[in-house]
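Chain IDs A, B, C, D and E follow the sequence of writing; residue 1 opens each chain.
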Amino acid sequence: MSWPIDLVILTFVIFCAIAAISVRDLLGTAILFGAYSFMMCLLWAVMGAVDVAFTEASVGAGVSTVFFVAAVFRTSRRTKD
Amino acid sequence: MNNYPAIVVIAPLLGALFAGVAAWVEDRATYPIALASLGIAAAAAVNDLITVMISGPIQYNMAGWAPPMGIEYRIDGLNALVLVLITGIAFLNLVASYKNVQQETPDRSGSFYVMYLLFVVGLVGVVSTGDLFNLYVLIEITSLSSYTMIALGDKDRGAIASLNYIFIGVIGASFYLLGVGYIYIKTGSLNMADVAAMIPAMTESSTLLVAFILCIIGVWIKMALFPLHVWLPNAYAFAPVGFARIVAPLMTKVMVYVMVRLMVSVFGYDYIFTTLSLSDGVVWMGTIAILAGGIIALSQKNLKKMMTYIIVCEIGYMVGGAWLGNELGMTGAILHIVNDALMTFALFLAVGNMVYKLDRVDITDLQGLFAKMPWTMGGFVIAAFSIVGVPPTCGFFSKWYLILGAFEAGAYHFAAALLVSSLICAVLFFKVFEVCFFEPMSEGHGHGDDHGHGHDSHGEHAAVAIEEAPVASVITLAVVSVSLIVVGLYSGTIVDRIILPFLN
Amino acid sequence: MELITSIKPLLAVLVTLLVMPVLVSSSNKPNVREGWTFVAGTIKFLLVLSMLPVILDGNQIVFTLVKIAPGADIAFRVDPLGMMFALVASALYIVTSMYSIGYMRGLNEHGQTRFVTFFALAISATIGAAFSANLLTLYLFYEILSLATYPLVTHHQDANSRVSGRRYLTFILGTSIGLVLPAMIWCYHITGTLEFSGAGIFSGQLSKPHATVLLLMFVFGFAKAGIMPFHSWLPAAMVAPTPVSALLHAVAVVKVGVFSIVRVITGIFGIEFLSSFELGAVVAGIASVTILVSSAIALSQDEFKRRLAYSTIGQLSYIVLGAALLSPKGVTGGMLHIAMHAFGKITLFFCAGAIFVATGRKYLSQMVGIGYRMPVTMTAFLIGALSIIGLPPTGGFISKWYLVLGTLEGDQMVMLFVLLTSSLLNAAYFMPIFYRAFFCTPEEAMFERKVDEAPLMCVIPLVITALISFVLFFAPQPFLNLAAMAVKGFIGG
Amino acid sequence: MPELLDLIVDKYNYWLYIVLMMIGLYAMIGKNNLIKKLVGMNIFQTAIILFYVSIGYKKGATIPIIQGDHGHGAADAVIKAADYINPLPHVLMLTAIVVSVATFGVAMALCVKIYQRYQTLEEDELRMRLSEK
Amino acid sequence: MKLVGFIIVCLTGGLLLYGTGELPAWGDPNSPASTHLSDDYITLALEQTEAPNLVTAVLADYRGFDTMFETAVVFCAGLACFLLLRDFRPKKDHYYRHVPTGVMLHVKNEARTVRTGREFEDMDREWVPSDTIIKTVCRILIPFIQIYALYVVAHGDFSPGGGFQGGVIFGSSLILLAISYNLKTLVKRVTEKFLGVFSSLGVLVYVGIGAIAMALGGNFLDYGKYAPIFGEHHIRALGMLGVEIGVGMAVTAVMVIIYINIVSEGRHDEGL
């Protein structure tokens, strides 16, 4: 693997993480969180952890996000922080 | 082939799964299944203990792979003792709490038992395993099931208490996981014995230090060492009775076990006390935990809350004792794991019986309880004396070893804290007893000169109807109370036959 | 001296313990319940008695129940000192049981089952303490006794007894956990054993300042002995029904306190060790202050039982003083006083109770002329009072005689002065009662009627104990022999 | 100076995992909204997973699936350890991911339950509601 | 709280940075982690377990015991969601829509149930016009997703994937059904009872395989002991396949349980 790809993805990951916890719309958080997970999954795939990446893709970016949206649907979308 | 070490864990797991099927097919079958599986587990645990006492530690390789490639169960005196304790308490509690569960979760009692069994599986697994990562997974099972159970309790606050517990619990478990990661990066192994063999060669490493700190802090969070205890009082006080009775005595004690295991079997005395010389600081933390727990408990108005702070206080005993850095202190700490589990169990059994009849257990609600529930109160009194440390109940003997250890280590502040906490607990419990014994205040006698012959008012004392908790609960409480004394009397044997062989 | 292993000491402890469930289950049948109490009490007494010849032959009985740690097992050992105490306590238990039937039924008290049950527990613990082979066992029974007496002290369950019960526990538990326990663990830490032995368990490991601190921790820690300033629980505990005050707060509980102190002085420190550091004087000083102050306070008490309580505090310190004299005669006197004071003081308490049952009076100022109505009771009172003052023809004289000899033996004139002064004070607070009872004209109509004693079950016991006090003057040999043997073990052996 | 640079370049993955973990931990402690805290929790856990996966990485090695036309059990070629990435951390992390999603699910269920009861997920409001009673 | 949080975070970060200073360089092939156990696994796994995917070999065989508990954790989560949220109180209101006219029926207190079919259809409180495109696409897609999920489960020995991933994918396909149609459609096809039993059964398959190995005279989970029944050939890989199937079953069921309970607050009536 080449380190620039690694570094770019890492930057994205950190960007998504910060965005996910600072957005004031929980649905937005859900999607950003999905993006975060997906970036993470890419990162792991790059590092050769294909199984972990696969799992993260299906769980973190997939089902978790669905649960998240479902929970937001049943609670409230707005937040103070 | 001796499969008993595996059976201790597998029996409740299989029980949970069969009960999980039964919960959907025939709800009434879950309780017998749960009871039977815990009975088998308890029997297997006793068998383990006997085998260990006769022929030394048992090693069991999961899936037949030898460690460090595979996962290993290594049962020695300490494990076996704690295993017997866990399975025994879980079994007895299940016997005692049938009615409480029916009362509190009538429409989902089947699933309750499944969760209960999973919790026990986690505890038993944590204690049996000889693999650092396996330990983490099992901690998570226990945690996840306890999160759920706690949320099932108090309608208003259960869920919030549980969510707070999740946040703090996850931090604790993750710290532990990180610590294991640092150990792994340094040693390349996850097997406790394998790691322990490599640690003496790398005592100067900063990575190892960080690994140690992370693991220990993680475990401390999980065991609620003051000031990391904030999650515990709410969580345990709002849990449903049937579960509080088992989580309160066992969860924190198992975490203390993990701490002892990490200290003795992974990092080793030399590393902790010689290379790092952490003893003083941690013993002070234990001292503070004891005092703080006791004092906060004094200020509580709710009996359940009070008990939970007593747990916080008792954790200080064990942490302090284990970190005194001598054999007596460690003996005391290990003995106290057993004793404290039993006495907390007895206390919560009694409190559960009160909750069953009274619903609310603020201290003011307990008036006249000695007359109403004499048997429950009898058990409660013995358990309380044990916590105070009155001989011949078991609480006295572990305190004995702890104070001796403190003297030997020169940690007089710790010895003083132990004594002060005994006094605090005495005040605490007699405050409760007074309410139960004196109120409602009888009038018309004992106030001086006019103590005539007219004692008709005494008749009303006899008239108080006895309203006891379910028979099974009361009998279990009686058994546990007696065991407090029996274990106390035989603590010399326990120390000689089980704890000392383990430590040497 | 031979050591004979026998289960008898354990049985003697257990017999009243085992009868407890029976007592509870027969709560609806008072006569059956009382019957069982008697049976258990008698068996217990006989068991103790059956061990007496062995002890008098110069042997000792040992029994180890369980091993806790090396040198600190839960074990029994019957030696002359313990034998004497157990004999007194178990004999008086039977008498008190009888008395409490008269008293409790006479007053129609509530919770009688609870009362007899905890009474049985308390007496078990007392015997256990008497037969303890080491400090750990002694501490164990000491604590059980403290807790078992709490429901007895607070028997009335009213505000008054609540306050008293609180004070009782604060002093007793506070000192035992706060002082005795650390002192005991300190001992064990230094020596690795807690076994009582005539020569003491320390052999040069303890410097004088440390020894002083340790000794004071024990002396004050066994607060049941009522050493000032840890005495005030005893007057407070007088809210209990009189049988409790009589047996427990004149005999069992308080004597366990002094017994423990004597044990520690003789068995843990050892007389020689203490003499070499001249520590006896410290304890003796504390004891004599207690004797004088408490006697003075007793003078001003109007409530009968409170006066008796302060008297008890003073008398207990006689025993401690006797032991602290560290001379053979002094120690003998102290030990004898355990027995002599027991019979005398229990008589006095029985009298107080009998008066209360018969007339409902608790205050001395209300008892002017009571001798006309209750002559038997008041005569017994006289004998008891004489015994406490230490005048012939009562047993109290013997023990005080030995105490005086002890002070002379050790050339401790100050102590002699203390003893004599306090005897005068004793006379000063007892004699007016007797005088007013018989030689003053009754102020109240109810005393002018003909003789009207308390129930028979109240009167018989107090007559018995008064008689024993009387007889002991003429036949003190059993106790004297035991005491002499014990002293030989502590000093000569 | 070059040493420091080396230190940074050699281990930049580790540095970044620490940053991520701090973000997650901060969100868990400092955020007011329960769901935000949950997101923080997940970030925290994934950071740890990243750490483990980084441990497993080996320069010059490939994914831990034995290559070659092995078909079934025909591993004639000698397998060289240096060619494959360490599989153990991956295994551990599979488990950790599963655990984290399970915890996440339960926590979400709790959030829904709390919202049912209190109509809010803000921690300060919840605290206010609790103290009212 | 924020300040406290910040301090704690900084302390933790500092601690970790301190510990990281001495770590072997990232990707260093000679670090202990990459040499001690790892080499053994890499060189021996194929020979011993006959599974080329080393991760699966370690996951389902060497550390199969871990994985069993991992499955138990998943089962526990499903049960937790059921216990916490399931609301057994009868549904008060039912809504139906008369398809030809578009008239909405609001039936209170379960006075009568309406037969749904061509004339009436179930609906949530608010009617969302069904989107034909989504429905059609999903209807076509779902079977393929499911086939793929089965492939992932079955092929875990050889390629990335395994029971867990496959189970999640299968579960997602069912969730997709609920999202594209509505929750009632899913609940009608896959009943709660079925899911509950299925999740238990999944873990039971795993534990059962282990326990039967024990009964056959081996250690727990020792697949090699099945050789007398299934033959020596690939017996360990076969065992792994068995447990992977168990994991897949459990995970599928649990994912659906969690989703249904969260999205309907435990009432199992209307969802997203």
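The rule we apply is simple: a residue touches a chain if its C-beta (ideal position, glycine included) is under 8 Å from a C-beta of that chain, and two chains touch if they have at least 3 such contacts.
Treat the numbers as computed from the prediction; the structure is a model and nothing was measured.
Enquirer: Once the contact rule is applied, which chains count as partners of both subunit C and subunit E?
Expert: Common contact partners of subunit C and subunit E, which must touch each of the two, are B.
Enquirer: Counting one step for each move to a touching chain, how far apart are subunit B and subunit E?
Expert: Step count on the best path from subunit B to subunit E: 1.
Enquirer: Name whichever of A-D and B-D has more C-beta pairs touching across its two chains.
Expert: Looking at contacts between chains, A-D has the larger number.
Enquirer: Using only Cα atoms to place each chain's centre, name the chain farthest from subunit B.
Expert: C
Enquirer: Among all chains, whose Cα centre is located farthest from the one for subunit D?
Expert: Ranked by distance of C-alpha centres from subunit D, the top chain is C.
Enquirer: Pick the chain whose C-alpha centre of mass, unweighted, sits closest to the average of all protein C-alpha coordinates shown.
Expert: Given all protein C-alpha atoms shown, the central chain works out to be B.
Enquirer: How big is the gap, in whole Å, between where the Cα atoms of subunit A centre and where those of subunit C centre?
Expert: Averaging C-alpha atoms per chain gives centres 78 Å apart.
Enquirer: Quick one: subunit A and subunit D, Cα centre-to-centre, how many Å?
Expert: Distance between chain centres, rounded to whole Å: 11 Å.
Enquirer: Please tell me the distance, in whole Å, between the geometric centres of subunit B and subunit C computed from their C-alpha atoms.
Expert: 42
Enquirer: Between subunit A and subunit E, tell me the centre distance in angstrom, where each centre is the average of that chain's C-alpha atoms.
Expert: 19
Enquirer: Send over the residues of subunit E in touch with two or more other chains.
Expert: 16, 20-21, 23, 31, 33-35, 37-38, 41, 53, 55, 59, 63, 66, 70, 73, 76-77, 80, 84, 160, 164, 258, 262, 265
Enquirer: Which residues belonging to subunit B are in contact with no fewer than two other chains?
Expert: 133, 137, 140, 144, 147-148, 151, 159, 178, 184-185, 190
Enquirer: If a residue has to touch 2 or more other chains to count, which residues of subunit A qualify?
Expert: 50-51, 55, 59, 63, 67, 70-71, 74
Enquirer: Quick one: which chain pairs are touching?
Expert: Result of the pairwise touch check is A-D, A-E, B-C, B-D, B-E, D-E.
Enquirer: Which residues of subunit E touch subunit B in their complex?
Expert: It comes out as residues 15-16, 18-24, 31-38, 40-41, 44, 61-66, 69-70, 72-73, 75-77, 79-80, 82-84, 86, 88, 193, 196-197, 199-201, 203-204, 207-208, 210-211, 214, 217-224.
Enquirer: For the complex, which residues does subunit A have touching subunit D?
Expert: 6-7, 10, 13-14, 17-18, 20-21, 26, 29, 33, 36-37, 40, 43-44, 47-52, 55-56, 59-60, 63-64, 67-68, 70-72, 74-76, 79-81
Enquirer: Given the complex with subunit B, which residues does subunit D contribute to the contact?
Expert: Touch residues, subunit D against subunit B: 25, 28, 34, 37, 41, 44-45, 48, 51-52, 55, 88-89, 92, 95-96, 99, 102-103, 106-107, 110-111, 113-114, 117, 126, 130, 133.
Enquirer: Which residues of subunit B touch subunit D in their complex?
Expert: Checking each residue of subunit B against subunit D gives 133, 136-137, 140, 143-144, 147-148, 151, 155-157, 159-160, 162-163, 166-167, 170-171, 174, 177-178, 181, 184-185, 190.
Enquirer: Report the residues of subunit D in contact with subunit A in the complex, numbered from low to high.
Expert: 12-13, 16, 19-20, 23-24, 27, 31-33, 35-36, 39-40, 42-43, 46, 49-50, 53-54, 56-58, 61-65, 85, 89-90, 93-94, 97-98, 101, 104-105, 108, 111-112, 115, 120-122
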